[in-house]
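Order as written gives the chain letters A, B, C, D and E; numbering starts at 1 within each chain.
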Amino acid sequence: MELFGVSLPAILSQLLLGLVNGSFYAILSLGLAVIFGLLNVINFAHGALFMTGAVVTWMGLHYLGINYWAMLLLAPLVVGLLGIVLERLFLRWIYKLDHIYGLLLTLGLALLIEGGFRSAYGVSGLSYQTPALLQGGFNLGFMFMPKYRAWVVLASLLVCLFTWFMIEKTRLGAYLRAGTENPRLVEAFGINVPLMITLTYGFGVALAAFAGVLAAPIYQVSPLMGQNLIITVFAVVVIGGMGSIMGSIVTGLLLGVIEGLTRVFYPEASSTVVFVIMAIVLLIRPAGLFGKEQ
Amino acid sequence: MVKTVGTSALRICQLQGWYGESHVLHGVDLEVRRGEVVTLLGRNGAGRTSILRAIMGLIGRREGSIQIDGTETIGLPTHRIARLGVGYCPEERGIFASLSAEENLLLPPALKSAGAVSGAGTSAGMSVAEIYQMFPNLAERRHSPGTRLSGGEQQMLAVARILRTGANLLLLDEISEGLAPVIVQALARMIATLREKGYTVVMVEQNFRFAAPLADRFYVIEHGRVVEHFAAAELEAKMPVLGELLGV
Amino acid sequence: MGDVILATQNLTKQFKGFTAVSDVNLQVQRGHIHALIGPNGAGKTTCFNLLTKFLVPTEGSIHFNGIDITGERPAQIARRGVIRSFQISAVFPHMSVRENVRVALQRQLGTQYHFWKSERSLDRLNQRALDLLAEVGLQDWAEEVTVNLPYGRKRALEIATTLAMEPELMLLDEPTQGMGHEDVDRVTQLIKAVAKGRTILMVEHNMKVVSTIADRISVLQRGAVLAEGSYADVSRNPQVMEAYMGTTEGQLQGAH
Amino acid sequence: MNQKLATIGYAALLLALLAAPFLGAYPIFMMKLFCFALFACAFNLLFGYTGLLSFGHAAFLGGAGYVTGHALKVWGVPPEMGLLLGTAFGALLGLVMGYLAIKRQGIYFTMITLALAQMLYFVWLQAPFTGGEDGLQGVPRGRLLGLLDLRSDLTMYYVTLAIVVLAFLLIVRIVHSPFGHVLRSIKENEPRAISLGYDTNRFKLLVFVLSAALAGLAGALKTLVLGFATLSDGHWSMSGHVVLMTLVGGVGTMSGPLMGSLVIVAIENKVGEWGNWLAQLSGIGWFRSLGESVTIVTGLIFVVCVLLFRRGVMGELIALLQRLRILR
Amino acid sequence: QDKVVIGFVTDMSSLYSDVDGRGGVLAAQMAIEDFGGKVLDKPVELLTADHQNKADIAAAKAREWIDTQGAALILGGTNSGTALATSTVANEKKVLYINNGAGTSALTNEQCAPLTVHYAYDTVALARGTGKAILDAGGDTWFFLTADYAFGHALENDTAATVKANGGKVLGSVRHPLNASDFSSFLLQAQSSKAKILGMANAGGDTINTIKAASEFGITSTMKLAGLLLFLSDIHSMGLQTTQGLQFTDSWYWDLNDESRAWAQRFYEKTKRMPTSVQAANYSAVYNWLQAVQEAGTTDGAKVRELLGSKPLKDFYASGQIRPDGRYEHDMYLVEVKQPGESSRDWDYLKVVQALKGSDVFTTRQESKCALWK
């Protein structure tokens, strides 16, 4: 079986691999959407905090001997706390301003975080081993699928669905959605909005860190690992439209898969395909695939 | 804690308020007793909305004293003030677009109203059924996104929303605005009922004819101060002054 | 009968199965102040949105001066002279009052894309801007920064700006909403004054205003026209009384 | 009176710049500074005066640099033609990018420009004529209009100064033109501008193209002056840089970007030296590592500017002057 | 002028700062100290700056040092764009420019200049060294994973040419974008080619992530990985577990011989890291330059350059000669990463498989497009 000169197994395997990358896009764009919703801030530091999640995972093992599974919980917690501190110290002061100041501030924070890690650990980064339980892989016949990658897809899907459920189907989520539009009024209904905002940022950031933990064994843990990813995720967000939580999850996965396919058919374009899709989507549906018109 | 009708539900002393640099409230003194309906009158920009916002802690900066059921609230954050049993219906309605009409209605958490008043029972708010009965439009559009309702429907929703929470100090800002005359009449009946049930109501109204028959007392605000206040009984006598102050 | 400036045929708008405007045939006479009233949610604002193409009609057509404008974009419609005012006050807050009006006048010069021209080329619009401001009683505020205006004056400025567009047909959505009595009276007079030589279609809940200035009234209910006629006709119509105005004449007046 | 003060200030600045090469200033450094100043002014036209934050201006700077470099080096066109081609390329790119980006507003606009510029970065990286990470080297300056030999740094200096001053005047004119007035109204209240019959997207597109063209001119000039075009000008961090320059100097002020580019270029070049100096002065060795931490320093400036210093240097200065006047 | 100034501009803060950076500065400093801190009876001063991988900053720094500090030598670090730009400036100002760490062979080829010396390695040498040596060891079918820009293309082409010239076969290649975080897709394509050798024509983080993914997907069990541009610091950061068995070419390794070990140990004591080849080259270059200055009795660029090229050089770093085109032609080494079990101490990562003669791996006179060498 062949399709445009590429064998079907090859396509299948690339689809699966695309799904893995898509999982990262999904979690990251989801975190961005959650934060943007309530704080009105496009969190440029998201990539840096993703990286921090990975670094913290490494530190946990290296300095304290805490294994991967514990860090899967601890790293998001630690980074979430860091996020809470950042929110209290910095972001707090700019909510009343135009969105762009949030973008610029978090860009500054991203540079600070990345610069800090760079001077501490250098640029070539640190190496993290796959946890023993997930070493090896499945032979799917058409490809060798490392267990760890399968786990990444599973774990991120679970986390995404959990988040979706929390936001769309619970009372807490209703506060969140309402707070997104008019935080002062929600506060006037007796809800502690500042706390909610702080926790939301912490949560969004923890999502990034969770992705970071997942990424640590796959990629080299380096200060630059988030920098390039984040711009692609921005494009994903534009394509999805950030209108809905489900939207960012689905778009993330979808683009991972499309990117994966490009790697087979036209590898040279695999870095640009997301941006090209963004351009096309903008032409056809300016509000994004899942976005609502103004 | 049982309180009797007549004690002060809201007492404001020397309230100053600012939006950023601009000073809009210049020493407001005002008292509302439990179970009373009080109306704030004034021209556009006199500062009535600002008083309500100041009570909720929603303006930039405030000074002076605001006591709710005897609790000083000037230093409290907004959400703590609300939890004292205050329901606020803003001028701009504040309907949430991402929530359906019904979700909007159910959004504010039920408040453990501090001053559960005699006569109002434990003042559990109105039930959803009661609300839909009062505003049939809302029942019909309950699954629409909140901001897809018409202007008037949104106004109804905004009022209904706080009636549900069980708050017993209601701050209502221009609730008759943009409503068809029939609905305005229905609202008037509703406020009368609320008073009977022992709610305390502070209304800001442009629509003098709507407010006049409902209120126990009136305050007239000008330039961020109280310039006149009187009871319903004195209304006739005060008409000439009002005419001058408000152009009624 | 005078000639019809705006006519709709079977205008219909549905939102996901919900019909907000159904089969509306409006005829607005040139030179009239035509009021659109009706209970909340009757579809008045939606109608306006259809007329100015902020919404696309599901069915039906709109004719302006006999030309079918159903397919045109909002900016095109504005250029034809159908101008609407907003329910919320819409001004350019950090420009002076005069500049606010001048921006609207500027389009007539046709130099709006001329980035190489000096701003002094706009000075010849100043007189016209001041005239317009005088028309709404703002001549003394011309150099004030707009944010500092009181609410009622902002509405007046908005009307002046709208006039600068030389509208043939003005659409006003609740122009007196949120105003004190003084302002209501002033704006009512203003509308009456500017209506000379123009046509006005307005939505208004304040019956006092409607009864003073409207030449003709259409009552909408549940998206459809319930009644049409002069104020006297309409206000006596029992259906209208029940659906909108309440039961007694006294309370009708009492709405404001 | 402010007007007068400003005029005097600009005149003094111009005189100083005319005399600069004889006062020991470094022509090449100054020219590079001019290019960045022009770049920042072009950016400010869009951000400061129309309220559109583009995070993709590096694409115009870098892209025009390559086009000019290629034209001068490979096609052998005269320098004026090279500059023109670079500018035109900036405009063309601006047209395409702008057309896509203005479909969304606010923060989305920003992200789209960022993403499109990143896409172009990959194009520069992969395209054969850009030389990948070697860059386009050894671009000849040639003779301007066949008359002026630009190989002399001094001649080049005055040519650059003249071009940048003209471009600056053009920007001033744009801001104070009928078109500029409409832009201002769009910045203040876009829906209202639409309802006045302005097709605001067209205005935004035009100003985007103008800004892109001027940024392109800056890139073209930079290539001409320095003799090479490399990848770093097209990287998104360059877009961040120009935002920073404008922010530091003062968004929406004419002189802000000039001041901002001076500050940022100086920091970029001198931070290491300052670090050493600080280390010597205070005896704290850590300062010496400042030179290796440009990212950190940049990040810090961003944070400080956004939190404490939003009006920027010139903005604060103007505000100060105004306050003084009120006091008087 | 009462001092001799050396200006050193390199990447201290980003992509390549581990290869050169602060350690590179230290190495140069050590050379000056070892030389006695003085030359021609004047103290030697080392100025450093971070070019942030921006050509304009690098060139501007060099220009400034030459004009205001009277710098007599410009030493340039990693990144080709900055190197080419600096070379132009230095030559225009008649000051000697020595580069360590830029890969591009253009520096001594199309864009060669009389006062430019390319000291450590270039991509041609890496490609040929690795290509030839692996082919000789039986790796005769290749698949390339290439970073999709000029640098990657050059590495691929040079290696492929060597492979073909020596009877090997190239079964295909796939181009990946720079900083493609995920390489598994490309690796699967490589694997299906059934080639024996995977040539990684990329650098830095890309190479590192390729290697990680290769080990994760079990590619390493069917193919042998050949790095075309790798440094000790990369191996250090990845660890032996992931990199074992990997082969690549480098200009130097600290564990070559007693001399190199002795010097490396001194370096290690100051930094707690073993030096990379580029850092060692910095020391060597500065020391040799000082010697030449002493000998020539002047810091004049042209004279020192002439002297430097006039006779063979030899020290712990390398032995060889600087050719008229500016290339320092010396031995290169094909190295292999040890198995974790073989490594006896920290930083004991590599074993030398084969020493490669400089004349075999660098661009030859026939091939050269440099006008100075015709």
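Quick notes on this structure:
The criterion applied here is as follows: a contact is a pair of C-beta atoms (placed from the backbone, for glycine too) under 8 Å apart; a residue touches a chain by one contact, two chains touch by 3 or more.
On a predicted model such as this, the values are computed, not experimentally measured, just so you know.
Shared contact partners of chain D and chain E, listed by label: A.
Hopping across touching chains, the smallest step count from chain A to chain D is 1.
Between A-E and A-B, more contacting C-beta pairs join the chains of A-E. Inter-chain spacing, taken between the CA centroids of chain B and chain D, is 53 Å.
With centres set at the average Cα position, the gap from chain A to chain E is 36 Å. One simple way to say how far apart two chains are is to compare their mean CA positions; for chain A and chain B this gives 44 Å.
Look at where the CA atoms of chain B average out and do the same for chain C: the two points lie 31 Å apart. Contacts with at least two other chains are made by residues 13-14, 17, 148, 177-178 of chain E. Counting partners per residue, chain D has 122, 126, 292-293, 295 as the residues that reach two or more other chains.
Residues of chain A in contact with at least two other chains: 115, 118, 268, 271-272. Per the contact rule defined earlier, chains pair up in contact as A-B, A-D, A-E, B-C, C-D, D-E. Looking at the complex, you find that chain E touches chain D at residues 12-14, 17, 21-22, 48-50, 52-57, 59-61, 63-64, 67, 79-82, 84-85, 88, 104, 106, 111, 148-153, 177-178.
Within the complex formed with chain A, the residues of chain E that make contact are 13-18, 148, 174-182, 184-186, 188-189, 192, 204-205, 208-209, 212-213, 216-218, 233-234, 236-239, 241-242. Residue ranges of chain A in contact with chain B, taken from their complex: 174-175, 177-178, 180-182, 184-194.
Residues 42-45, 91, 137, 141, 144, 148-153, 155-156, 174, 177-185, 206-210, 246-248 of chain B touch chain C in their complex.
Touching chain A in their complex are the following residues of chain D: 53, 55, 100-101, 103-108, 110-112, 114-116, 118-119, 122-123, 126, 236, 240, 243, 247, 289, 292-293, 295-296, 298-303, 305-307, 310.
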